[in-house]
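Quick one: structure below, then a few questions.
Should a chain be cited, it is by its letter among A, B, C and D, assigned in written order, with residues numbered from 1 in that chain.
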Amino acid sequence: MSALLETIARIRREVCDLHAELTRYGLVVWTAGNVSGRIPGYDLMVIKPSGLSYDDLTPETMVVTDLYGTPVSGTSTGGDGTILEWGNPALTPSSDTAAHAYVYRNMPDVGGVVHTHSTYATAWAARGEEIPCVLTMMGDEFGGPIPVGPFALIGDDSIGQGIVETLKNSNSPAVLMQNHGPFTIGKDARSAVKAAVMCEEVARTVHVSRQLGEPLPIDQGQIESLYDRYQNVYGR
Amino acid sequence: MSALLETIARIRREVCDLHAELTRYGLVVWTAGNVSGRIPGYDLMVIKPSGLSYDDLTPETMVVTDLYGTPVSGTSTGGDGTILEWGNPALTPSSDTAAHAYVYRNMPDVGGVVHTHSTYATAWAARGEEIPCVLTMMGDEFGGPIPVGPFALIGDDSIGQGIVETLKNSNSPAVLMQNHGPFTIGKDARSAVKAAVMCEEVARTVHVSRQLGEPLPIDQGQIESLYDRYQNVYGR
Amino acid sequence: MSALLETIARIRREVCDLHAELTRYGLVVWTAGNVSGRIPGYDLMVIKPSGLSYDDLTPETMVVTDLYGTPVSGTSTGGDGTILEWGNPALTPSSDTAAHAYVYRNMPDVGGVVHTHSTYATAWAARGEEIPCVLTMMGDEFGGPIPVGPFALIGDDSIGQGIVETLKNSNSPAVLMQNHGPFTIGKDARSAVKAAVMCEEVARTVHVSRQLGEPLPIDQGQIESLYDRYQNVYGR
Amino acid sequence: MSALLETIARIRREVCDLHAELTRYGLVVWTAGNVSGRIPGYDLMVIKPSGLSYDDLTPETMVVTDLYGTPVSGTSTGGDGTILEWGNPALTPSSDTAAHAYVYRNMPDVGGVVHTHSTYATAWAARGEEIPCVLTMMGDEFGGPIPVGPFALIGDDSIGQGIVETLKNSNSPAVLMQNHGPFTIGKDARSAVKAAVMCEEVARTVHVSRQLGEPLPIDQGQIESLYDRYQNVYGR
């Protein structure tokens, strides 16, 4: 099999399997969340198909698109000269594909994107309020507060632009799009899923803490120390 | 097998299986929630039997009733002239059957009805307070706030009337019956279950958001734009 | 096998299996909840052994005690004259056995008792506050508010007395023992478990509702109408 | 096999299996929690490896370290003179190992340590607020409030020191490290896990209770009576 086909098969399996983490941690209901992954070395990505329930996902149903979100399929010549086909034009990519694609086009180091409507993160997003960094694990993972992105309607690049503009100025791999929900990024799809899981975890814990008073702040220098150690010494 | 018998068997299987979605998403405890589906082309519906635990449901236990909630059974002549029986007069339909039946009689486009006491939706219902549309996914699915229906006692058509009166003036497929809980409708039983799942999801998220402040409103024009796109362009 | 041995075997299996409902609905953690059942026709009861984890429960580990909580074992003559043994003196009954036993001695119609520390019911109990009847399903199941019982220490009959005194003056099959947690009763163990599940459900829903305002009251006459219908017409 | 190897194998299996209790009770997400156990009779401990997901844990992946957290391996001579190897130098111990090790060095009766970021306990920790003893089950298990330990950064012994200083002056087997999360101890790993489960349970219940008012206090004498009975008469 050609290198491209092998890579597509691997990323499709990874992206497919990672949706199980979204349901395991209760980040999504029905079909309302999606994971994508870049195909390294090509201007291609793999994303959840639209409307399929999580139980019915298989690697073959994951849709391959270009970095403008258009589904693509094609043929690839295997090592022995065989012509192999890939792509699944019968399925439509997630309705959030344009936002994922915009991120891949504009953030070349990003290899995975996740979108959910997880309850607590979305609750902060509905108030347009960033999550303050009051937990050591937030220092580790997010290096500061989790920021809010602008209100943006689906249909053009405004969601993608809001994600990229917000994350470019932040240590955080998560952004809370106002009235909408979190988008997270990572070096690959697995890292972006981890960020989505941790984003909901800290959104919930800080929410619960604030229900009965004000959490104690952590000094900016200590946050930087936690983040630096976790990202560089301990190795994320 | 005759067309009627085939349709009854299919709808019974669908309605039976969909109860697993109510437990999966934590919308019901014990036996306190029910799904029904219209039998297209006949003045008949299929509904959960009363008092059976969700583990014990099978397609054959689903009760066939007329559109006044009276259990019916009968025979049908198969293609080869064989006389086939259907119906299960040994089981009593859900105590909420009258409300479901009233909806089918008065809303001809409705093919599925769901009733639960899901926690957050019922909490709004106990205050008699509609859920404001402050999430893009509420715009998509509900096209505005989720409205409250009147207080009504079981025993006659007043619950059914309250549901129909409220939903006829709303984009929303969900109504919060005061002090009682949500009823949802859909073009078929699966759509009504999806509405029940999404209703609890937005009831919880907006509740959580309001615990620490006021969610930001979404403009009415933007809500209509979201709803129109989701229902017509994206296709529900 | 003799009638007594058959009954003991049946009640042990029922009481054992019902513990799975406590974990399924999240009413208990670790080993902190217990179900018991009366052996009809004898001054005997069956209860969870102390300290065993829910995964390790089998019918044979359920402890048979008299109605003062003392483990008993004995022999019974089968129909063919065979002498059969019952009881399991190797295991200690739950540390809450005295409270269960007191209820069976003083409420002859009670065939099952359940104790948990379920989160929301215990939260009301810690404030010493009854749960107001603001949901139609509370009218159905509890026929009014869920009352609070006195603060009582383990070690003598004061917990049992507090349960009996409180429930004798109430429609409710559940009592919230102050700073402690709920005890529920029923005509058999299954009914008492149902009451425990519904008690936590309404404790959570009314709690959530009150977090953002005041739930609307239901008229006393309407509560009585709901309760009467559910208990007598619909049949609990 | 030699006694040491047998003990290492047993503790590795116990520590490995106990991580399933952390996920079962929802105390941890992703890889963010860890259990360790002392190897009785040796200056050795066993702890979760760093970064492995809970699904991938096996007894063999549990890392053996000395009581300064340095991974060790070695050989042991079996009864028949065979030389056997132990240890797994390929895996890195949890990034929290230094804190666990400090506890074992300074509290000789402690045989197990657990660290989580469980939601409600961490929420109290973020406010730097102890959990008041307002539940009889808190009296039983914790013998008073659950105390707060100091803010401390990872990297040296300051977390371990904070744990030991706080717990030496308390009945409680749990400490809430400020802005960080709970650490719990026990006579073995299983007891420490039980303490972690009960800590989150009471953190949640007292939180929920305080959301709608003030829980009723329990007299100090009654707390001592509960604790004494549970620890000595009933036997923890």
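In this section, contacts are C-beta pairs under 8 Å (C-beta built on N, C-alpha and C of every residue); 3 or more make two chains touch, one makes a residue touch a chain.
Only a predicted model underlies this, so the values are computations on that prediction, with no experimental measurement involved.
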Chains contacting each of chain B and chain D, listed by label: A, C
Minimum number of chain-to-chain contact steps, chain A to chain C: 2
For chain A placed onto chain B, the superposition rotation in degrees, Cα atoms, nearest 5: 90
Homomeric contact chain C-chain D: same or different residue positions, threshold half: different
Centre-to-centre distance between chain D and chain A (centres being mean Cα positions), rounded to whole Å: 33
Shared interface positions of chain D, touching two or more other chains: 211
Complete list of chain pairs which touch one another: A-B, A-D, B-C, C-D
Chain C-facing residues of chain D, complex: 25, 134-137, 194, 197-198, 201, 204-206, 208-209, 211-216, 218, 222, 225-226, 229, 234
Residue ranges of chain A touching chain B (in the complex, touch as defined): 29-30, 32, 50, 95, 117, 119-120, 122-124, 126-129, 151, 153-155, 178-181, 207, 210-211
